[in-house]
């Protein structure tokens, strides 16, 4: 599968208001199976809101979300999960008093029906959770909780995966390791959207980035080009995240 | 042996057998009956609080609704008692359905709204304007259905149903999903769990058992006032018993009832003045030192408590 | 194992008691409940304390005379605390009957806590000595296992009030009556009775205000204003003691003077009301005249003055008020004492026969004990009276109606 | 129509005083103080003591009760709350903890004072101020009914409402004009972020807890006048009503609580006038309706939905 396929997700002219504040203001983009798209921008530019709208936490005030050709804007989250959309959380919220294994069991049982994928033990092995599989989630380290969150999302057999600041808090070796995992997932045909502050990490894994500011897209293309565009530089100036 | 079967064989069945045999060796049947009622109510609280995290401070609303469902069937339709008990359960489920919007509320707001709802139902039923239907504040006296032996048997049967539900929740992916909802509802929905549907089912199941218990209670006591069957003591006892033993387990609420209701019956009558004090201190100590209940003494040591 | 052993033991003991039934027991067991806390504590504790007083007194004399064994036998009072909780009460009544196997079963005070006992007594074929549970639903032709000892049934209690208004009212200029009551079985039933008595009398009396308020109501300012707007000639307020306290205080606070105002508890719990409302607030208020104000001719037990003295000696700290309810408890005790002295056995139906044989004959400090055929109390009717201040500014009762027992004329309208 | 309106406003202002302490405690700590009403009851005993033991104007009880229970609140906070906050579900556990605490308070007061009703003669309240009143409004220096638009109201109501307005004003000044108050508001609206920015949440919370209990006790000083009489058992009803008032207004905003109190008072008086037997249903129906329809309260913006 190649990035030139028909996009699996299209968002058109998304608008999301909180009171008088426009968190999303006419956002439009698309992503295809097998592609890794980066969403970058300063704090408050609307990246996480975009993920929250696509994953069903908020209904958009205007615009549409097309997944696999069907409009899914405002659909209940669990239905989106059944269609194949999933996500991780900036601050992971695993089911703290359940064991790691039980966390995954919920996702596998209630995730996308009829899909097949790697077995639970493979997933645990692959994301370095096998040793703690029978421990309750609140015993896990922060990084382990992040991995559990990711594995939980993967266990539902998604076709589109939204990663919200997965890399934050990981050390350089872990970063390299997780970058490889994400790339492998995309190779397997998964469409992935990454929201991230670490530009090096974005550069390492993405095919394409969208730079957002004030709820709008101000640039689309590769990161290497983006960092030379004056408008993008200006948005990040004073921001602490210029790579 | 699968866990489900083990839990039935080693927890539910022995308890039910003991309860079935006890009346022939111990004469205060009403005390036994009350134990059964509190087993049911504590497990009902377990279903909704232990598995989904909603603390039902007005749980007695379902119990009272069930009792009045029973009374209305007997008074107005002359229905046989077992049918009236089922009707009591049904009334509670209908009340539960009416109250489902409360599940949108989080934490303490839910508990307080639930308490308010129970009090509202009480004041509705006890209003003299409805005297021709509910007998208002004047209380009901049911003649013709009184039969303690069968009412006790009915209560044990309802306990069996309740234990069946709890064992199922403890061992099924449905129960696991409910606990996931309790831990974090958005994470649960991102695991594909239909949060609204799941917690509504748990809510109604919990309402059902309380309603059935109320119906069978009305059958046993036959003469009662609204204050009797809507007494906040039922909610509070059931919650404290369940928490004391430990929720989200099968044994916890049962242990809680046996110990605390046992103590209540032993010392509650001999040192009355100080009972409330001791009880209050016990509750405070529990929250401060054993917030996960007695069973956590075992689970802390790594033992698995069903 | 233990269960089996104790069951066997119990069976043996039962055989034993049956075999020697003719032998006198070492004690007569009287089982009862009381509420030391909760909603009904304030009516339950005086009643229970009076029974305890009687038990101690009798036991000091070596017990009560029991006809069935023709000798004095000490009393053992088996009493548990139900804490105003009816579910607990039900368990404990059962405990008294099945475990303690009491000879006589006495209910807790008040209808709500008596209710569970009615079914249990009937089921176990125990005769229930109902002290103050006036609920009309307790008494039916098909239930022989109950009789009301001390208070008149709610359906008849307010008769003197209604009769005064319908007989003497028109002459005094009473045409419009306001009826305010708390919506519970005790006062709600009395309100229904008042309404019925007034309507059936055919007197030219109109009820211009007729409202029930929740029993928890503690705030009557607006209601008083609403009643005032109807300009009634008489106001009848039927509520529990806290309702009366709040109502009478609000009447005073707002500065309204009703021409005639009737309340229940100034008569029944005079000390409590005087403490909380003040003598001024009770002046000219109409109420039931309690037995302790009347000096009924007594043919059994202590006279009122002696009882009062005994009470003050035993309960010196004053935490439990002397009043109507303590008299009620003592009356129950007297009925029990008399019953034991005439019953030829302790069989429950024989006890019932003995109790009913007292009807119309037993005269205690509470008046004449009289039962209707269903066991409802119809003697001991409390006359209507009015509270006035004596020269020391203290409350005194003036009995108004019926005329036979009257000690004065009504002050109407209230100055 | 005018009479119930004015009475409702006076009555309602008093109820905002009853509720405001709860607002602070729940708003800042997310702790459900089910013993709130019991502190009211203890405040009533302070007034009773001031009047019977020292023969003073019960109004003197206001500063005494406030000081006493502020200190008690601080002590209690340090004993109970840190332990509670370490638990996994502090909000729910606080519910149970303070229920136990309210049992302890009720039991102790019952043991010491007995169960009968107590009260203080109405004319004693603000007796010392009747000269001032005569100077301002004319008339004799007595403590009789108060005339408003030619209608007469109990003087005690006017006094209680006045003190309530002053107390709410003080809370407003505290929250909006002092540093600790500003921090308190920050913790109320965004607890997590407040902790992250290094605000000493414990200090803020302890202060709020002390002030909350102090205000409850101040409200209690007037309870013997507003409710006719009081007993050790009257706490729980006051707690539920306080929740109605607080939820009606909105968390964190003392003006919201004042508004909530007035809305509650006026609607209570109107129901009492036109549908008197249903008056007790009102608070519960109001509470449920407001939680479902406008969960953030009349003046609130924050969402409290799951």
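Just so it is clear, A, B, C and D label the chains in written order, and each chain counts residues from 1 on its own.
Definition applied: a contact is a pair of C-beta atoms (placed from the backbone, for glycine too) under 8 Å apart; a residue touches a chain by one contact, two chains touch by 3 or more.
Just so you know, these numbers come straight off a predicted model, no measurement behind them.
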Chain whose Cα mean lies nearest the overall Cα mean: B
Contact-richer chain pair [A-B vs B-D]: B-D
Chain centre separation in whole Å, for chain B relative to chain A (CA means): 43
Between chain D and chain B, distance of the C-alpha-averaged centres to the nearest whole Å: 33
Centre-to-centre distance between chain D and chain A (centres being mean Cα positions), rounded to whole Å: 48
Euclidean distance of C-alpha centroids - chain B vs chain C, Å: 36
Chain D residues counted as touching two or more neighbouring chains: 88, 106-107, 110, 277, 280
For chain C, residues that touch 2 or more chains besides their own: 36-37, 183, 212, 214
Residues of chain A whose C-beta touches two or more other chains: 96-97
Sites on chain B touched by chain D in the complex: 53, 55, 57, 101-113, 115-117, 119-120, 123-124, 127-129, 185, 232, 236, 239-240, 243, 273-277, 279-284, 286-288, 291-292
Complex contact set, residues of chain D against chain C: 3-4, 7-8, 11, 106-107, 110, 114-119, 121-122, 144-145, 151-157, 226-229, 231, 233, 237, 269, 272-273, 276-277, 279-280
Partner chain C, residues of chain B touching it in the complex: 22, 24-31, 34, 37, 123, 126-128, 136-141, 143, 146, 148, 221-225, 227-228, 231, 233-234, 265, 268-269, 272-273, 275-276
For the chain B and chain A complex, residues of the former touching the latter: 173, 176-177, 179-180, 183-184, 186-196, 248
Residues on chain C engaged by chain D in the complex (per definition of touch): 36-39, 41-42, 45, 183, 211-214, 216-219, 221-223, 225-226, 241-242, 245-247, 249-250, 252-255, 272, 275-278, 319-321
